[in-house]
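This report refers to the structure that appears directly beneath it.
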Amino acid sequence: MSVAELVADRRTRAQQERAENRALTKLTIGPSPWVRVGALAALVVLAAIWLLPVAWGAVTSFKHEAEAALPASWWPTTGWTLEAYQQVLGNSDLLIWMWNSLVVAGLVTILTVLISAMAAFAFSQTVFKGRGLLQWLTIASIMMPGQILIVPLFRQMQVMGLVDTFAGIVLPQVVAPVMVFILKRFFDAIPSELLDAARIDGAGTWRLFWTIVLPLSRSILVAVAIFVFIGAWNNFLWPFIVTTDPQFMTLPVGLSTVKNAYGVQYAQNMASAMIAALPLLVVFMLFQRRIVQGVATTGMGGQ
Amino acid sequence: MAASRTRSLVGSSGGLSRRELLRAALVGAGGVALGGALAGCATPSAAGAGKTSVMVWDLFSGGDGALMQEMAGVVAAANPDIAVETTTLAWGPPYYTKLAMASSGGRPPEAAVMHMSRLAGYAPGGLLEPFDLDALAELGITEADFAPAVWQKAQFEGQLYALPLDTHPYIAFHNPDIVQQAGLAGPDGKLDLAAVAGADRFLEAGRAMAEVTGETGVSWGYQRDPAGCWRMFWGLYSQNGGGYELTPGRPAALDEEAATEVFEFLQAMVDGKVAAKNQDGNAASGRFMSNRTGLMFAGEWDLPMFQGANPDVGATQFPAIFDTPANYADSHAFVLPKQGTPDPARREATYRVLAGLLKEGLTWASAGHIPAYQPIVQEPAYQELTPQRDYAPAAEVAVFDPDAWFTGGGSDFQTRMADAMTDTLAGKAPARTAVTRMLSEMDRFLSQPNPA
Amino acid sequence: MTVSNAGVTAPPGRALSDLRKPSGRSGTRTASTGKSLRERDRSGYLFVAPFAVATGLFLLLPTLYGLWMSFTNQSLTGTGSEFIGFANYAEAFSDPQVWTTLWHTVWFTVLSTVPLVVVALVMALLVHTGLPGQWVWRMSFFAPYLLTSAVVSALSSWLFQPDIGLLDTWFTALGLQPVGWLTDENVAMFSIAGVTVWWTVGFNFLLYLAALQGIPQQQYEAATIDGAGGWRRLFSITLPQLRNITGVIVVLQLLASLKVFDQIYLLTAGGPNGSTRPILEYVYDTGFTNYRLGYASAISYVFFALILVFTLVRLLPSRKEA
């Protein structure tokens, strides 16, 4: 498709969407312009409140440090500056933590999706001794909140030599029984004729899983992956417990544990926060539809 | 020299530590991404292959941390075979928790800074290693280089567990201009301690400074600052002649009358005129630095920050609010967290780094601290530092935290004590309430077994 | 939630997925055995193995190990791992801090759950009107959910900063007394709940939005023809259709709020005067700050028992519906 076609395609889709939205408006709140204005005003107020903290942080991050410590004003009298960003990027381990977070969240996502999908496939499409018991155990473990295990798990990591390692941060996070069940529900719906046909052709179980089941489930896998990634990226408690070496801290842990050596610096604090917030916000803006869908389907436990 | 440890799935390789590699790569990439705006900021440490890396943790998140980094830089330059890295962690309970967890995990930093008052909670539990006096002597560090009292505090069961770095009193900073306009200055233009001696005269002086600034006279941030509350209380309580008894298994005892008087004074001070109500440390410093108060109670470690805002900032020992001369202080020291797999080469390097840091005491003194290493104190250059010499007398009347396993800088005890004071300081409860609550909290600590 | 009660209703020994399969799904049977090909596939345990091993190592093992620890006086420093019977549990039941922090946890859960459901619903209803700016609304409401706790606490404590913070500046400008957002015992928990709502409401908002989009439009059309106004349609069509999803959201939210730690630890570290300290922070403080791993484990298990009771209680009624 050429660029012009793409643009045109986008435009028609946008038009379509607008038309749908107009129809929706008519259906939900009716034709009254007053109700419409009221609803719009409510939306504007809510959105303003929701954007305020980030906006205020962003403004502060571009101020000179001395100005940031004065009573709040939106428009700095001494001008805008990138000083805080330069300081933060030059003097702190922020980028290392970001990298660690990326690696940790990436590994957690890949491993969780893989082992959950495999287990879900086994529960859904194969029969083996003890399957019932295992499924029952999996359900039971959904009720086990990982947070209460911090004490024994830290001890265990010490014994296993995994404190301050990526393995120690990642592995305890990949156990996600809920995801197994979300995926199992999806795999259950795959027509068994399809799989049996492949079996008759002599396909092994691994090939069945890899070439039929996974490709058919791409949408749910992406949804689960997005959900798991956001969770891992934002996870604080476990990485906080299991890392003591700042070089292995993830973003939230490093930001809150390691301080700069120059005293309280409001503009720099906000600059760090802005940099830390950026990656996921950008990803969200790019893939909004996908992410909204992923969170919604997975969040409800695949209902 | 031993190669860097391999600590993880993605371990360090070829002598360059992971941090250095990543920082170089990432800052480089970030710099490019920001259009080269940061090109000058990438400062990968000059660590080459075969260096022994020594990591030192500290909790200097005030301006003093920057000076510790500077000292580490000097030491690294003098020891080209060692890569010295310092990391500043969040002050207080989080720092000590992380330190204990790291030691018990077997992979702690090679050395760490600790309040001497916390030694009782760490040394008995086997979280620290004692210093080898012979190895220290070889580097020119002996008992004779320290004040006897300080050296004594650094011992546990006959062994040296802490290498004293400084004494840091809780003092009064002042803005000379405001002090002068309020008529509180001596002939040298600095705060006249006699003008702020005695509770009534101090409050009077506070009101005079408030007249000058048009806002409040004194900065004291006690909200969200348990350590600040405790330092203030313990210093004033000692000035008021109060003693204590903290014996495990028995009820705590304070001079309740003396303690109540302290809170009555503090309540009178935090009246919204002399000092602002409900102020936290950051806001208090902010006001002082923007010339909206004339006097600020803080640790001397805030000196670099205050000097940054006003090069002429003055500092004196804590005013004599009550009759007994006393000034709250604590002491920083280096300790050796217990290593899971001790490495003699690394240990030797660590000793050299710590000895080097002690001898950079003059830089440390510019952070406001009074160096523990006496050869530095006797140097003429130190004797001439202002305002350091103005508050040097504080060390002579220093009072330290009470002795017990649970007390000390950044301890849970300080948090509990500060919590017990909150209502009283906020004016929601009478002065005596704070005393009663503190005693019952102390009783709770005394009834618990020492977990170390 | 049908996902979990499927397992509860399955007769022991029988694969529960069989009960849940769409009807008519018998599979191709071979003449010789009468068993489906699927049933003859015996390699399933290999597929389950990685998950089973991970669960065993990082969930089951620590659960049992923690239970053992709770009967010892183990310390972080490595000393004392003698078996001391129920001493830790006896101490926990008589430790006022356990009950206070448990109460804080419950109080936070109540304070946060109600607005997290109501505000999310209002947002979803407003956005579902199809008014212009869909992208902006979704973005603003959901974006905070993508921030990590450290960023959330940095932004909000800057907002709450006494004296020079934005909120205090506004209050002062309006001639009001500044509020001790995080420093006043009577206010701090409300501030934290507010921050939590701001942070995580976007998630519930998306769940509601998805549910709203699933309501068949014909119902609205029919209602419009019947002459039902906007409010009528809201109360007679929309809200009743959201009953199920509301149940799901409430339960998910309760379970999430009970495990609160991050934002409280980062914003107030449990203060002022311990007035916001949740039980998970007490576990952390006891185990790691005060070295008492054994006692901390016992507190964890007391907390776990309560969550378990809560979970089972909610499972029982839904079992009947299934």
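Note that the chains are named A, B and C in the order they appear, and that numbering of residues resets to 1 at the start of each chain.
In the analysis below, a contact is a pair of C-beta atoms (placed from the backbone, for glycine too) under 8 Å apart; a residue touches a chain by one contact, two chains touch by 3 or more.
Computed from a prediction, not measured in an experiment: that's the story for all the values here.
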- With chains as vertices and touches as edges, which is it: line, ring, star, complete or other? complete
- Query: So which has more C-beta pairs touching, A-C or A-B?
  - Reply: A-C
- Just how far, in Å, is the C-alpha centre of chain B from the one of chain A? 39
- Message: I'd like to verify one number: the distance from the centre of chain A to the centre of chain C, where each centre is the average of its C-alpha atoms, in whole angstrom.
- Response: 16
- Contacts with two or more other chains occur in chain B at residues 94, 101, 104, 282, 286
- Multi-chain contact residues (two or more partners), chain A: 69-70, 154, 241, 256
- Item | Sites on chain C at which at least two other chains make contact | 161, 163-164, 288
- Task: State the interface residues of chain C toward chain B in the complex, per the touch definition above.
- Result: 75-79, 161-164, 178, 180, 182-185, 268-269, 271-274, 285, 288-292
- Note on the structure: chain B contacts chain A in the complex at 7-10, 17-19, 22-23, 26-27, 30-31, 34, 37-38, 41-43, 60-66, 68-69, 86-91, 94, 98, 101-102, 104-109, 282, 285-286, 289-290, 302, 304-305, 309
- Over in the complex, which chain C residues touch chain A? Could you list them? 1-4, 6-8, 10, 12-17, 20-22, 25, 27-28, 36-48, 50-52, 54-55, 57-63, 65-66, 69, 74, 122-123, 126-151, 153-156, 158-159, 161, 163-166, 168-170, 198, 203, 206-207, 209-210, 217, 220-221, 224, 229-230, 233-234, 238, 245, 248, 252, 255, 258-259, 261-262, 266, 280, 283-284, 287-288, 293, 296-297, 300-301, 303-304, 307-308, 311
- Message: For the complex, give me every residue of chain A touching chain B.
- Response: 66, 69-70, 82, 85-86, 89-91, 93, 95-96, 98-99, 103, 154, 157-158, 161, 163-167, 241, 244-248, 256-264
- So, in the complex, the side of chain B touching chain C is made of residues 93-94, 96-97, 100-101, 104, 125-127, 223-224, 226, 276, 278-280, 282-283, 286-287, 412, 415, 419-420, 422-423, 426, 451-452
